[in-house]
Amino acid sequence: VNDAPEMLAIVGATIIDGNGGQPINDGVILIEGKRIAAVGDRSIPIPPQAKRIGAGGRFVIPGLMAPHQYLVDGAVPATTILYEGRYDEVAIEAAQLALRGGVTTVFDAWGPRDALIKARTAINQGRVSAARIYLCGNWVGTGGPYSEDMRPQFRGAVSESFAARIDALWEANIGLELTRMSPEEVRQSVRRYVESGIDFLSYPVNVHRDGAYQYIVFSPRVQQVIVEEGHHAGLPVQAIFATTGEGIDLAVHAGADIVLPVPHAGRPMPADTVALVAQRKAPLVCLSFPPDHHEWYRQQYPASSPFLKFLEPQDLDERALIRVGAMLLSGRCGHVHSADTMNSHKDAEPPGGELLLGEGHAMGLRSLQERGMKPMDALLAATRNIARAFQVDKDLGTLERGKFADLVILDRNPLENAEHYRSIHLVMKEGKVIDRDALPSQRLLTAPPVAAE
Amino acid sequence: VNDAPEMLAIVGATIIDGNGGQPINDGVILIEGKRIAAVGDRSIPIPPQAKRIGAGGRFVIPGLMAPHQYLVDGAVPATTILYEGRYDEVAIEAAQLALRGGVTTVFDAWGPRDALIKARTAINQGRVSAARIYLCGNWVGTGGPYSEDMRPQFRGAVSESFAARIDALWEANIGLELTRMSPEEVRQSVRRYVESGIDFLSYPVNVHRDGAYQYIVFSPRVQQVIVEEGHHAGLPVQAIFATTGEGIDLAVHAGADIVLPVPHAGRPMPADTVALVAQRKAPLVCLSFPPDHHEWYRQQYPASSPFLKFLEPQDLDERALIRVGAMLLSGRCGHVHSADTMNSHKDAEPPGGELLLGEGHAMGLRSLQERGMKPMDALLAATRNIARAFQVDKDLGTLERGKFADLVILDRNPLENAEHYRSIHLVMKEGKVIDRDALPSQRLLTAPPVAAE
Amino acid sequence: VNDAPEMLAIVGATIIDGNGGQPINDGVILIEGKRIAAVGDRSIPIPPQAKRIGAGGRFVIPGLMAPHQYLVDGAVPATTILYEGRYDEVAIEAAQLALRGGVTTVFDAWGPRDALIKARTAINQGRVSAARIYLCGNWVGTGGPYSEDMRPQFRGAVSESFAARIDALWEANIGLELTRMSPEEVRQSVRRYVESGIDFLSYPVNVHRDGAYQYIVFSPRVQQVIVEEGHHAGLPVQAIFATTGEGIDLAVHAGADIVLPVPHAGRPMPADTVALVAQRKAPLVCLSFPPDHHEWYRQQYPASSPFLKFLEPQDLDERALIRVGAMLLSGRCGHVHSADTMNSHKDAEPPGGELLLGEGHAMGLRSLQERGMKPMDALLAATRNIARAFQVDKDLGTLERGKFADLVILDRNPLENAEHYRSIHLVMKEGKVIDRDALPSQRLLTAPPVAAE
Amino acid sequence: VNDAPEMLAIVGATIIDGNGGQPINDGVILIEGKRIAAVGDRSIPIPPQAKRIGAGGRFVIPGLMAPHQYLVDGAVPATTILYEGRYDEVAIEAAQLALRGGVTTVFDAWGPRDALIKARTAINQGRVSAARIYLCGNWVGTGGPYSEDMRPQFRGAVSESFAARIDALWEANIGLELTRMSPEEVRQSVRRYVESGIDFLSYPVNVHRDGAYQYIVFSPRVQQVIVEEGHHAGLPVQAIFATTGEGIDLAVHAGADIVLPVPHAGRPMPADTVALVAQRKAPLVCLSFPPDHHEWYRQQYPASSPFLKFLEPQDLDERALIRVGAMLLSGRCGHVHSADTMNSHKDAEPPGGELLLGEGHAMGLRSLQERGMKPMDALLAATRNIARAFQVDKDLGTLERGKFADLVILDRNPLENAEHYRSIHLVMKEGKVIDRDALPSQRLLTAPPVAAE
């Protein structure tokens, strides 16, 4: 019996290692078991027992990372109703779609904590093949799917008994009530929560309600309490839904490790704010729509549509942040929607705008480039920046000796054209070549609608 | 091989045959195959090969009939979402609950036609053991579950694509549009519909919308067209949701065979209307709540509740109709609700008021008796009257030679106390003793809620 | 003292007398007191004491009539709030605007009965100069301004106490409750109402609620009761808001004298209905928008707008009715709106589409002509047809000996171009030349908005 | 001609001078013109020319002060509609009701700035007799009456044109948009605003929206900007609508001079917060309902009513604040409502709970006493505390030499029973005896409803 880990060698490709340097032409990546043993040019010796993967003329990049996903979308009642008790399977289906598209790591931004942990465990134990999941569960102080924070208008359509049960799953004891608590009470709740198996901690900066987006959820001292408790437990802390300059400023000063700015207050970031995040190198998740999609929305929606007022600040913010070299994480990677949802959205989205997870990252990266980001920086925004921000760069984010062998082999050069991110030849996760055609292994959300009887 | 049908003899019971006459003490019912061969006293000769069912001290009544059920409740989004493609199974579960409770025949008042036909076929072919189903599908001119007629407030909670699909299933091409059509156009639509496999035809008299209950859906001449087309196809026609004296009058004069009066306009039937239905012997479905439940509602609901204004006219109407000997069909038999719905209704219904189908008929019959109906007439209201009204009395409704052997053996005399309808010893449908403990064979709606993960 | 009535002679004009015949060139109208003494050519002897009004080159037409106005618009909360206790003054202002525009008679279609009577009295007694008012008050069985039938969405914005008081003023004891009554109860209520000083009786055929327009308010026998009671009191009866062929058919067969068809059910009149109203010569009020306004709406409103679905049937109905020579009453004459309402409607109406009462009739008549009506017939639709339909043709509607001297002198020939109805040279009512510049004598609704402090 | 100011002497009363010390029995207050010349016992020499007011057996207290009124209630559409252009008259009517009830000074908490200034001027110039008005106009960053912050549900009931005009009057260029601005932009807007004639500056701490009460409007640094600008202009700054411990803490640390805490977040103040405000002696406006009213609400409202959840924290907060000797300002003084509003509230308020301005202060003071406040402290909460908090104690708040002669003579001792505040014998403002029977001089809001015609 040979217990030695399997060895693989990817040979001949142009290697873009995710560190931003010059790509290595005709390179070699040597993989031993789950990890990379060496990266370099042809001078690297390839042991004879290593299985060779010829990649001449192709391009190797680190496995892509999605910093902001909803693997189980609580905002769609049909999802919470149809798959109650099986949300882990829904999450796995989503993570499989991601992996099929070259996204080897997904950060879940809001979901049912325990089901996500169950999915994570199944994936980490190798029982299913899917993208790696990191999760935060609920946002501190935020209500569940049927609460005032999310879709209260749907509460009447489901039974009270169901709504209460689902909300409790999502809220995980850190729901809306925390917004009314004293700092010390918040501390106690968060302290219990950070020990419950999450990978990072998220809290909202501004209020997640239509027409109230500019208000502030937590006082600065409560924000500090939350960040302290996250850090005390060794977790990175994400300040989510920051809609104003003041919100971003508060988050940065509270010590948040990642910030998700959104333009929902309808105004661009003040110059001071842009300067602050640039100077601090604060990682910002960026949910970028391409300029042509902006244009489409402007033509399709009535001028009075509230949706339109987000477009201009979003465009300005992204251009300003790219100009000053802020640390951006490319977050637009697609959704996991049912066929019914896709059909119903059809007329509300630009052609090609409603993409499944795993299909959307090229759009997000194209969008950043069309607003001024250099191709190499875009690649970093989808790989190394994310790994660093979430503090998993010891293992992930670049092609370097010792890190997990998460990588994608592309037929065409992604630095030439962001669309080439779609030209996937091979996906590898932890040293294993993924059978992409077999993903997802079970269709739930993405199954075709029931045929009428 | 013996091809002769199996013979059974129920021996020694008091037989209440459903014709309203004096019960037969120590009687004998002889059954040959699916049908009754003889009913009478001990003088009936029992062939030796007949299997004997001793029923001394017990009471035999015809199988109960439910004239107004929703086997698949489209008004509950979770039901339409969770069981899409399986509504036939939902209907079967409901019909099994009915049968377990002694209700051998159910008239479905509104539902997805094709799924109900599928369920009916499965039952009629003996593939599952369940109450016999008769169905009307949609009401002429009425929208589906998510339409303005039913639960438009839930439409936003499901995708447009889903809502349209479900509405179409229910509407079956005789939806809301018919209310805007000319008589001839209505005729063509109804003509196609009556050939589609339904057992009876239903159309609404008054408008099924909150605050508009007193208005009239179809002109008299359109009502006549509908009735003509139903009759032309050999189907009885039900005029449903008649909320005013004018509505009932129009339905009777249009030639409807059955009328469902409801007190939603908030006023009791005028004396003229009561006299008309009595004189015509028009069968009326009666959804009676017991007086003590009325009292409970009056105490629990705020005086301004619109619900309360239905109680007094309902009470007065039932008393008046019973007084004049109108032909009533007892329609209160229970619902088929999920555990979530039951939990959520808990505080809104009187103790014991929210009953499953198969458990509720005793309540309905008690209610009629407490408003003045004689016990024997109440029994007829749950059996023979229904069979006659729906024109299935050749086979059903009484214990008579030649009819189907649908019957219930009770431990205690139902003419003494309506609660004794619950003292079921044995249920027989078409000559087969039902294994009540095995029903329902599959739990769908009535399953316990998913345990939180 | 000379008690003889004043004599006037209009000399030299082309007289279009409203009977549809050839106009009289160079004609003479002799007026004695309030009434016309003679109409004809120059052969008519003009008494020396008659005051002459030279009208050579001009055109005389009967005073225009508006068959469908809301002199006090209860649907606008600011109106009911600001002018409580002064609705008679509001009505007078409106009737003055009408008169200024050549509309000498107005039929008020819905309003606060007692205030309208007060206004009518003031006008009839000559205390104010304004168009003659005929009124129906409330529609039988219809709720007031803040009721479910009209603007329930505004009820919360005013105090309950106020809403109840205003609704009662409008309902005048024949409110919503009548829709739930027996025929005999309706008869008693209507009998009291017809004696209360109204000039004609109105009842709705179809339901005046968004999304329920196709339903029927009263059973045929109740409609007959209403018509009988109106006729018994000597009043013409108007069947208002008939949205379907069935509705119009019911109204005609109930014996209604005037029908207001509206296309709110979204389908054109069936051919049978068109034939029926043509054959019966049933007077139909026609609220016509010009084709170019239709076009404007189609371009401005989203395709899904419910408003749009009325346009096509309206267009088709008008064309069909004109083709068969139905008896139409031109009802589009403008509104009486405040400056605030006008400002707020600005973008929702086509240029020139939002006109004040007295300014709009040319638009209505142009609209009918553009759909095929002959100019002379259009003139009849604004004069004689209305007088006949409302049974006031003994005194009004044409320029004939013995009738009231209500007339308009135009500078240009209205039969050449409907816009020429605007070229008003002089308005006379009951033999008095109107000082148009003095109208309205008091600005209420039409006053400019309050200047900000 | 004698230019010397008029002299008055109030002789013989028990003087409770508002400083909290022992009352002076059989005292003398000498008034010269508008101001107090001396206060003391009988040893004070009374000049012969002084007019004597005998007050033996009676009690003199400083003129009462109302720290939180809406003289023009923008939340009632009928008020904004009916009195547009005359809001100054509405404010004067309200100030006259106040004065009639012994309230000589009113702080208007939210209203149309320019109309309030106009009213203030009329009062200060002596053109009308009414309570002295101090005003803040709008709250920084808050929308007008029809905006999302106040009564958006009423916007549809008025024309857009009107709503926009009224909102602009209230907002006075410091509306909702300020909540989205950068600190510097806020500074510029507030700087212009503080120069516009206001007496104090108000800004909201928490969000004034149902279900979002716990969120924070402005970041700490923006709060500081607001306070700085107020102070820079010499104005006291009020932090209004502080619903949480965090909110109060932020307001105190921002340097607000007065805080209005409200229990709308549904939780009592944390102990830390209570300690903070006690230690800082931060003046808190207290809108206290008596315990028996609390009890009445608990019995009348359904247990699920959101209203109820405010009661317990309010009760607990008041008891805690009184216990620690916080500086409270008694703010419950009654409303100015129309007869319609009063009628419509009748069933929603406890008997005696809906009081007019000038009638309500006894209730507010009784309420504080029933929660533990000493009678003398209650008197200070309605006089000196308010004057100090709003920095007008140089002229107002106590009966001291040099201050304005604002005072009330009561028949009975208010320190014995708070109800005795109603036993008004005489009200004096700036040395003038008020003719209370002549107030209000013009009935607008408080006029009886229009009689039906």
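Just so it is clear, A, B, C and D label the chains in written order, and each chain counts residues from 1 on its own.
In this text, a contact is a pair of C-beta atoms (placed from the backbone, for glycine too) under 8 Å apart; a residue touches a chain by one contact, two chains touch by 3 or more.
All values derive from a computational prediction rather than experimental measurement.
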Most remote chain, CA-based centroid, reference being chain A: C
Euclidean distance of C-alpha centroids - chain B vs chain C, Å: 52
Inter-chain centre distance, chain B versus chain D - centres from mean C-alpha coordinates, in Å: 65
Where chain C touches two or more other chains, by residue: none
Pairwise touch network: line, ring, star, complete, or other: ring
Of all residues in chain D, those that touch chain C in their complex: 76-78, 81-82, 84-85, 87-88, 112, 114-115, 118, 151, 153-154, 156-162, 165, 168-169, 338-341, 343-344, 449-453
Complex contacts: residues of chain B adjacent to chain C: 148, 179-183, 207, 209, 211-212, 214-222, 244-247, 249-250, 265-267, 270, 272
